[in-house]
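Same chain, two partners: chain A is paired with chain B first, then with chain C.
Our next item is the complex of A and B:
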């Protein structure tokens, strides 16, 4: 991996983020609205319900941010005519996307914290965490679990000029299968889909750190969840690396990258 | 050529061109997936939260079936000026002898029609996938309500889109409007649960009446029974269309004066 390219892409993504306020939508507005809706839907706001709603909103925000950032990063390169120069540079595309993903991950973390603070300030939910340090560590793990899926998807977004359509389609499935706002046992026969998603395990670990217990059927505690999340993340990153190599080679050969 | 005939010709041409543009970049099957999948998963997602929260599942599913219009019509219609800026066709459109409002009205027709498809498909899924009983549905009422929902929400969408002529994009406002719909319009919980000031805003949004009327149509209410929400949708739709016309003219003027027509 070319660290210089990763750093440059990180800086460039930061500049674009600050120049374009659209990112506030998936980062702040959407998760906050989902938290409000979840809180209003609960008939009984006692026990861990409030914390689950606030946490869930934060996680959904991180996913929304990651998904839109991964998809738009390629779409905007197409719009702005910068995708060809990126392909022509000696660095691999995955270096550029990785740099951008690290920036997006940082913003995702900021968004989760903001949702948490806003919920506390506006609703006065009086949230207390079972293990604050572990909670923060699990928040970072969740973020990287989502980022690793985003990296894999970014490779696929290179192939399509309709990445914004694919993003719209993919937004809600992760909301559903991550179990961020309800226990995944409720999914019944669809629950196994949740178990191949790293965010499911990290979200469960996040719940264990926050309220002392998780929701997954096969959960054997926090360490088990963390281990599974790491294995799945390693798989996604490896898949992303090979996908980028294959896609990069194919689009160079076919010359069809910017064809509309 | 008379004034009206000329306007209809421009609307028709803009509409055909926008459909052609859309399906040049996206396959029809992918577009249909974009309309159906998010609505389906939104219904699934909120019905799961309802199950966990002890809320009324059918109430939530029907509410989200109607709310699906937010993901189709509001995004599609309000995003038109932003797309024209991105692809560099805003200046030629402004230079054309036809009014910008007429051109954008034509370009919006497919997005507004997509809202009708979205609600109809979502209600079908609510019954066949989520098991919401449609045994008593009054089809005439449902048809009238869905048509008026697309009309009134189309008006809001055009109003939001007009801002995109002056600003870089209207995406943020469109998203805020969609999420306000999700929170304030009785989609997932009754409007009466909201604080007083929020209820006032809710009653200025046609989606509130659309959701209420659709729930009524599903349990068999006739058009006469639903007269109040139907009338409110007509009134709000007309108000929003007039406002969107005025806002298009205002932002077009502002963009010309300040030279911001193509600003990013």
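Our next item is the complex of A and C:
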């Protein structure tokens, strides 16, 4: 990995984000609306349900942002023909995608924080946090868990031209399976899917930090969750690295991924 | 003179169809090499293969003594490419695009700004540095792309049809930039189907058709091979015919032997004649 390239891509994504304000809609406004609706539905309730609503909005915001950004990132390069000049440099595609993902992750974090603050300010349903500092740390972990899935998905998006369709299809599953919307026990036979998703463990860690306990079957405490999340993330990143190698080889063979 | 690019027996297939079909080519260090060919002849594919953007199934390529498969990193350091299509980030300004490229090339921070300003000055882009790419005309975009491809100080610069879509003035300005770069020691590999461009710029010319090199030499060598004098006549069948001769005398003799024709022109053979003869009649004709 080439840090200079990662930084360059991070900056590039930042400039693009600021240059094109339409991104505010999917990455900030949409999840915000979603949380407000969820909070209206739950105002008579307290405790874990409220936490779930707020967490749901926050995670949805981070994920939606990640997903759309990873999908669009390649579409954008395809349109501009900007992948090939990178292949002429000593930097790799994955450096570029990683740099962009980190920027997107930061926007996602901003978005999640906004959701939490407005839940408190507008609805007065602030989740009383057992360990606020840890909660914030786990929020960052969740973000990177999502970003690492995003990295892997960005690679898959290169391989398909139907990235818009795939993006839309993938928006909800992570949200449902991560336990951010409702406890994963309610997923029944589908629960195993949750266990291979890094965000499940970080969302659970968020719950532990907020209310002292989570809902995974194996609950060995927060550090256990963090460890598993890291292992899964390492796996996603390795998979992404591998996929990008294949993609670069495919591009060289088919002469594709230029403008269309 | 040493050879900086050596291409031997390269084959690149897309599916069953060979875009480059057994190409042998050598480019000398310090020359401006022109690569001519009709649409779909394999010019872009050749540039992509040499510059490592596309792989190939047979043959070998080396650049500056580095085999591009075994030692792609070193080979890439020596090459800069200006692609046929504009490949700049449209949401960024000219300067931001250049900074991005410089970072991708791992150019140290202390040098980045200096090199960008130097090159921008070199191609005359200074005033446009803070404009968005989208607001520039084609000629300025090409110049911005030129700067991006020169940031890492390549020894060979590939230009794939650099002047397509440019007006006469922009084209001449780009020619001057190419000449200046070459004067400063950069080897130029230029593809084009504008014959006058190749005639104006190039020391040597290769003509490619159907993925094969069909002629190679200086423009005058190629013309002499065909015959240094051309007779162009508009005959009774309403078709312009061309005949080539090794001397004026022969040409005159032939012209006077022509009976009932409307127009006869006797002139020096030019590269366009070679191009048409080689890619048109003699290759695909009987």
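Everything that follows uses one rule, which is that the second predicted complex is superposed on the first by the 249 of 260 C-alpha atoms of A that agree within 3 Å, B and C clash if a C-alpha of one lies under 4 Å from a C-alpha of the other, contacts with A are read in each partner's own complex, and residues count from 1 in each chain.
Convention: a contact is a pair of C-beta atoms (placed from the backbone, for glycine too) under 8 Å apart; a residue touches a chain by one contact, two chains touch by 3 or more.
What you see is a predicted model; the values in this text were computed from it and never measured.
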item: Partner chain in contact with A:187 - chain B first, chain C second, else both or neither; value: first
item: Partner chain in contact with A:114 - chain B first, chain C second, else both or neither; value: neither
item: Touched partner set for A:239, first chain B, second chain C, both or neither; value: neither
item: Chain B versus chain C as contact partner of A:130, first or second or both or neither; value: neither
item: Touched partner set for A:173, first chain B, second chain C, both or neither; value: first
item: First (chain B), second (chain C), both or neither touched by A:4; value: second
item: First, second, both or neither for A:102, with chain B first and chain C second; value: neither
item: Overlapping contact positions on chain A, where the chain C interface meets the chain B interface; value: 20
item: Residues on chain B engaged by chain A in the complex (per definition of touch); value: 24-27, 30-31, 33-34, 37-38, 41-42, 44-46, 48-55, 60, 71, 86, 168-169, 171-172, 175-176, 179, 182-183, 188-189, 193-194
item: Partner chain A, residues of chain C touching it in the complex; value: 14, 45, 48, 51-55, 73, 76-77, 79-81, 83, 85-92, 96, 99-101, 103-106, 148-149, 152
item: Footprint of chain B on chain A - complex, ascending; value: 20-22, 24-25, 29-30, 33, 36-38, 40-44, 49, 79, 161-162, 165, 168-169, 171-173, 175-176, 181-183, 186-187, 260
item: Chain A - residues contacting chain C, complex; value: 2, 4-5, 7-8, 11-12, 15-16, 19-20, 80-82, 84-91, 96, 249, 251-255, 258-259
